[in-house]
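Structures are listed in the sections that come next.
Here chain A shows up in two complexes: once beside chain B, once beside chain C.
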Partner chain A sequence: MRLALHAEWTKIRTVAGPLWLLLGTVAATVAFGAVATSVVTDPGDPTKVALVGADVGQAPVAVLAVLLIGGEYGSGTVRTTLTAVPRRAVVLTAKAVTLSGLVAVAGTAAVLGSLVAGRFNLPDPASLADGPTLRASAGTVLYLVLIALLGLGVATAVRDSATGIGIVLALLYIVPIVSQTIGDPHWQHLLQHIAPMTAGLAVQSTTDPPMNPWAGLAVTAGWAAAALLTGGLLLHARDA
Partner chain B sequence: MTPLQSLRAEWTKFRTVRGWMVGTVAAALMIVLFALLTGASSDQKGAPPVPVGPGGEPVTDSFYFVHRPLAGNGSVSVSVSALDSRVPEGPGVVPWAKAGLIIKQSTRQGSPYAAVMVTGGHGVRMQDGFVHDTAGPRGPVRRLRLDRAGDTVTGYASADGSTWTKVGTARVRGLGATAQIGLFVASPPVVDGGGTAGSVSTAVFEDLRGHGTGDWTGEQVGAESPSFAGYPDNTSGSYTGTDARLTVTGAGDIAPAVGDSLPTGGHLRDILTGTFAALIAVIVVGALFVTAEYRHRMIRLTLAASPGRGRMLVAKAVVLWVVTFAAGLAGTAVAAPLGERLARDHGVYMFPVSSSTELRVALGTAALLATASVLALAVGAILRNSAAAVTAVIAAIVLPYALIAVPFMPAGVSKGVATVTPGAAFAVQQTLVPYDQVASNYTPYYGYYPLAPWAGLAVLAGYAVVSLVLAAVLLNRRDA
Partner chain C sequence: MSPLQTANAPGIVVAGLRKRYRAAPALDGMSFTVRPGVVTGFLGPNGAGKSTTMRVILGLDAVEEGSALINGRPYRRLRRPLTHVGALLDASALHPGRSGRGHLLWLAHSQGLDARRVDQVIEQVGLATAARRKAGGYSLGMRQRLGIAAALLGDPPIVMLDEPFNGMDPDGIIWLRGFLRSLATQGRAVLVSSHLMSEMQDTADHLVVAGHGRAIADAAMADLIAAASRDRVVLRTTAGADATSVLIRAGATVAATGRDTVTVSGLPANRIVALLNAGAVPFSEVSAHRATLEDVYLELTREAVEFHAATPGAPR
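What follows is the complex of A and B.
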């Protein structure tokens, strides 16, 4: 396992893409948060507004996660990987651990950057010393990690980067956009409570969460677990 | 290979890769699925009916009316000595506050009328049929007059009470033998940020003279209406005084309904919300249609068989556009009528759409999907990497869509996004028209795009063509 982790770390460290995508996550999150905090006129929930950049910043995270395994299928290196580490569960676990660590670091930087930007722009900014703000910040980092795991699982299942990116971005963004055209509030709430993005990001609310914040993250975790499990089983069952 | 053979080769490739066919069919199914979901999930049974005007269009017909019957022809005149508006929560001007004279078939919402009025910021106006609006003379106006002769109603304004200037003439069908004539005050909501704030206006009328019989009756027309948000808190309509000096307070408007004055109204573009999901599917297919050739080194075989590289790219673009267009059109043709029917069955009032507009929306949505997939093809040929191409094109089209869908987005940003980005193409789904005489949030969020439908699509087509040309140049320069 240690060797598999080392191999994954070497692979991710020695190509340029992952670093740029992680920097992209930080930049997109902080930039969108800064824009939102500077244009908003009535920040009812300053923490949520400051962290809104995660809506956009999650996209590079998802792309990175998909490419982590989709790229290997694209270039054929997956065969080398599986030759070196024949136990497929170990390969997938090593990838998941490496990815989670990197996204956690980038996510923490993104969240702290957004809070600092909010501190400059908002008249009544949130402080990390507040329990709800701390929960929202840690929850956002955790959310980004879960989105990465979701992407990894989906890409392992479909074995193709483009399809994987399409599916993950559709899973994330369809419900927030479509639920606005849903007239009946019951349906709207149901959709928002079962979709990975709307449920998971409920953790960002500090004043009036649309649902229990941790239950929301658990929904996202459920999606990530289901995707990883499907991907893992298919990886085990199929030839590379 | 002849051009026809190139097309045939590309079509054979497309239809024999299962994933691409699945993706294209999935795109069509998404449109239908979300139309069914949107239609079935609405529930407005039991809501008061939406008033409609003579042209069948939804209207706002809620105002304070001080009236009495007028049998046959006649005339009425009055001086409007003051018009004061208040917005309890928001900025204090109401440019379209209205006070003046009106003749109306009855107090039923949507019934025919003609009116001459002074407004808060747009001078004297003559209006009829909810959509017709004529500006009156500039300069100070003391008195207003309204004459009825059969179906013809004429409005006049005067600076001194003796010399009259005609403001406008309206032919009003269906006024009936005995119509209601009198004074009215309306005060529409004002635009406040991305939303609206209710207003209320009070007018002082002096020296009311004219025909008509019986006592004056004061009442709020259309108090309970989906196109009227009601009075601001702690205010209500009223009238006090005599013919010499009458004070009337009212809220509401007599005007065509727009996106945010009829928030419960359903739109065709809501029914077609699955376009968003379908876009992602066709973008993935479009990018893979060329990048898969690079990945499997098939591109060398393709170019060996058809050395004209530009032709190969054009053949791919044509096949992809036609196939995606057909799938999109099939999806829209099924989704739009089904979704509208379901929504109506659930009591939703749908903004009326002419059949030519409905056809334009269906063709336009199919063309939007097809053009987006060709853009993805071109970007795929430029980047030769499916992941990068898919991410770039989704970001270019879907991000604008998401930005437009934020209600509190400043109007300038939202309109800019809907003008210069590939997301401008969503204008093909617009079915609403803005009115000069209604102040409203005419932003993409409410279904009003800055560009005309086909002009918006042309922006996306421009991006696709430029990318295709760039892809052809690079394809000729680079080794495969």
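What follows is the complex of A and C.
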């Protein structure tokens, strides 16, 4: 496992893509948060407004996660990987651990940057010393890690980057978009409670969360676990 | 070989592999061995099961029946597998944005090896000047060298290369031929697939010919060449028709193989000379026919029925 982790880390640092995508996550999250905090007129929930950039910043995270294995299927290097590390569960675990670590670092930078931007723009900014703000911040980092794991699982299952990115972005964004067109509040409510993005980001609310914040994050974790399990079983069963 | 010997045999032992892709059988009882100290050539038409067999050996593809063992163990059980077997399957399988050295570095780290070993194999395959450039810009010949470097990384006793001559320039081909021979001389088991017959004939000591998912030949190169050359004599004459009738009357099989040449089988060369002299048939040369690997291959890969029915020297 130690060797597989070392190999995955070397893979990531010997190409340029991952670094740019992680920087993209930080930049997008902070930039959109800064815009939101500067234009908002009545920040009822200053923490949530400051962290709203994660809605956008999660996209490069998802792309990075999908490319981490989808890129190997695209180039054919996945066979080299499985020849070097024949135990497939070890390969997927090593990728998941490496990815989680990187996204946690980038996510922390993105969240801290967003809070700093909010501090400049909002009249009554949030502070990490407040319990709810700390929970919202840590929860957002966790949320980004879970989205990465969701992307890794989906891409492992479909073995193609374009398909993987399409599926993950659809899973994330289609419910927030569609639920606005649904009139029935019961269905709207239900959809938002089971979709990975709307449920998971409930953790950002400090004043009036739409659902229990940790339960919401658990929904996202369920999606990620299901995707990883499906991907892992298929990786184990199929010819490479 | 008894089962006990098989279990502990060094090298690769492939036994009775069967696998279907959808309905069609891809492997249908593939069996052969790759022994240390010998270059084993792996020949066969497209779809005969060569690449599938190599993927099965490496634990990438599963089979319905049979086993492929590396020094007596299945690949998936090997710890630090690249120190047991080095393989090149597809030289093009590279991340285009990663340097050749970066590619070797992550492979090295996966086996607990360090950058020093990476630089050694880069030097060994003659890729030092290109190693830090992005692999996306490599020619096929450079990719082959990088793939061979990857196969050597763990200094393995078994090396397995799928079509390594593809895309190599003449210098590369000469280098690789000598290189494969030297790996065998060092006592390694070497399995090389190629469709370039002349390269194989000059490189391999032992030959496995695949057809329809089976090994239709598994023998020493010298024996196969001798068997295909057996009792055939090439006769150069301007009176082909006369020569043919004289020799057929004496019980030989005769086939026209060129404008002025016929190939005779069933009679030794001295009898042929005597018969032609007695019949006053002019000829300029009588020589023993030496088959090429191409002859061997073409005979073996014909349909099995046709192969058994084929008469030596029949026109191709």
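Convention: the second predicted complex is superposed on the first by the 240 of 240 C-alpha atoms of A that agree within 3 Å, B and C clash if a C-alpha of one lies under 4 Å from a C-alpha of the other, contacts with A are read in each partner's own complex, and residues count from 1 in each chain.
Keep this in mind: a contact is a pair of C-beta atoms (placed from the backbone, for glycine too) under 8 Å apart; a residue touches a chain by one contact, two chains touch by 3 or more.
Owing to the predicted nature of the structure, the values given are computational and were not obtained by experimental measurement.
> What does the overlay on chain A give for chain B and chain C, a clash or a fit?
fit
> Between chain B (first) and chain C (second), which, if any, makes contact with A:71: first, second, both or neither?
both
> Just checking: does A:86 make contact with chain B only, chain C only, both, or neither of them? Give me first, second, both or neither.
second
> Contacts for A:236 in the overlay, against chain B (first) and chain C (second): which applies, first, second, both or neither?
Neither partner.
> Now for A:169: first (chain B), second (chain C), both, or neither, which partner does it touch?
First partner only, chain B.
> Of all C-alpha distances between chain B and chain C after superposition, which is the least, in Å?
10
> Show me the chain A residues, by the header's touch rule, that chain B contacts in one structure and chain C contacts in the other.
71
> Along chain C, where are the residues that touch chain A in the complex?
Spelled out, the residues of chain C in touch with chain A are 55, 58-62, 75-76, 78, 80-82, 87, 89-90, 92-99, 102-103, 105-107, 109-112, 150.
> Note which residues of chain A are touching chain C in the complex, please.
Residue list for chain A touching chain C: 3-4, 6-11, 14-17, 71, 75-77, 79-87, 239-240.
> Within their complex, state which residues of chain B touch chain A.
19, 23, 34, 37-38, 41-44, 193, 266, 270-271, 273-274, 276-277, 280-281, 283-284, 287-288, 291, 295, 343, 346, 348, 386-387, 389-391, 394-395, 398-399, 401-402, 405, 408, 410, 413
> Give every residue of chain A touching chain B within the complex, in rising order.
Chain A residues touching chain B: 39-41, 55-56, 59, 63, 66-67, 70-71, 74, 160-163, 165-166, 169-170, 173-174, 176-178, 180-184, 187-188.
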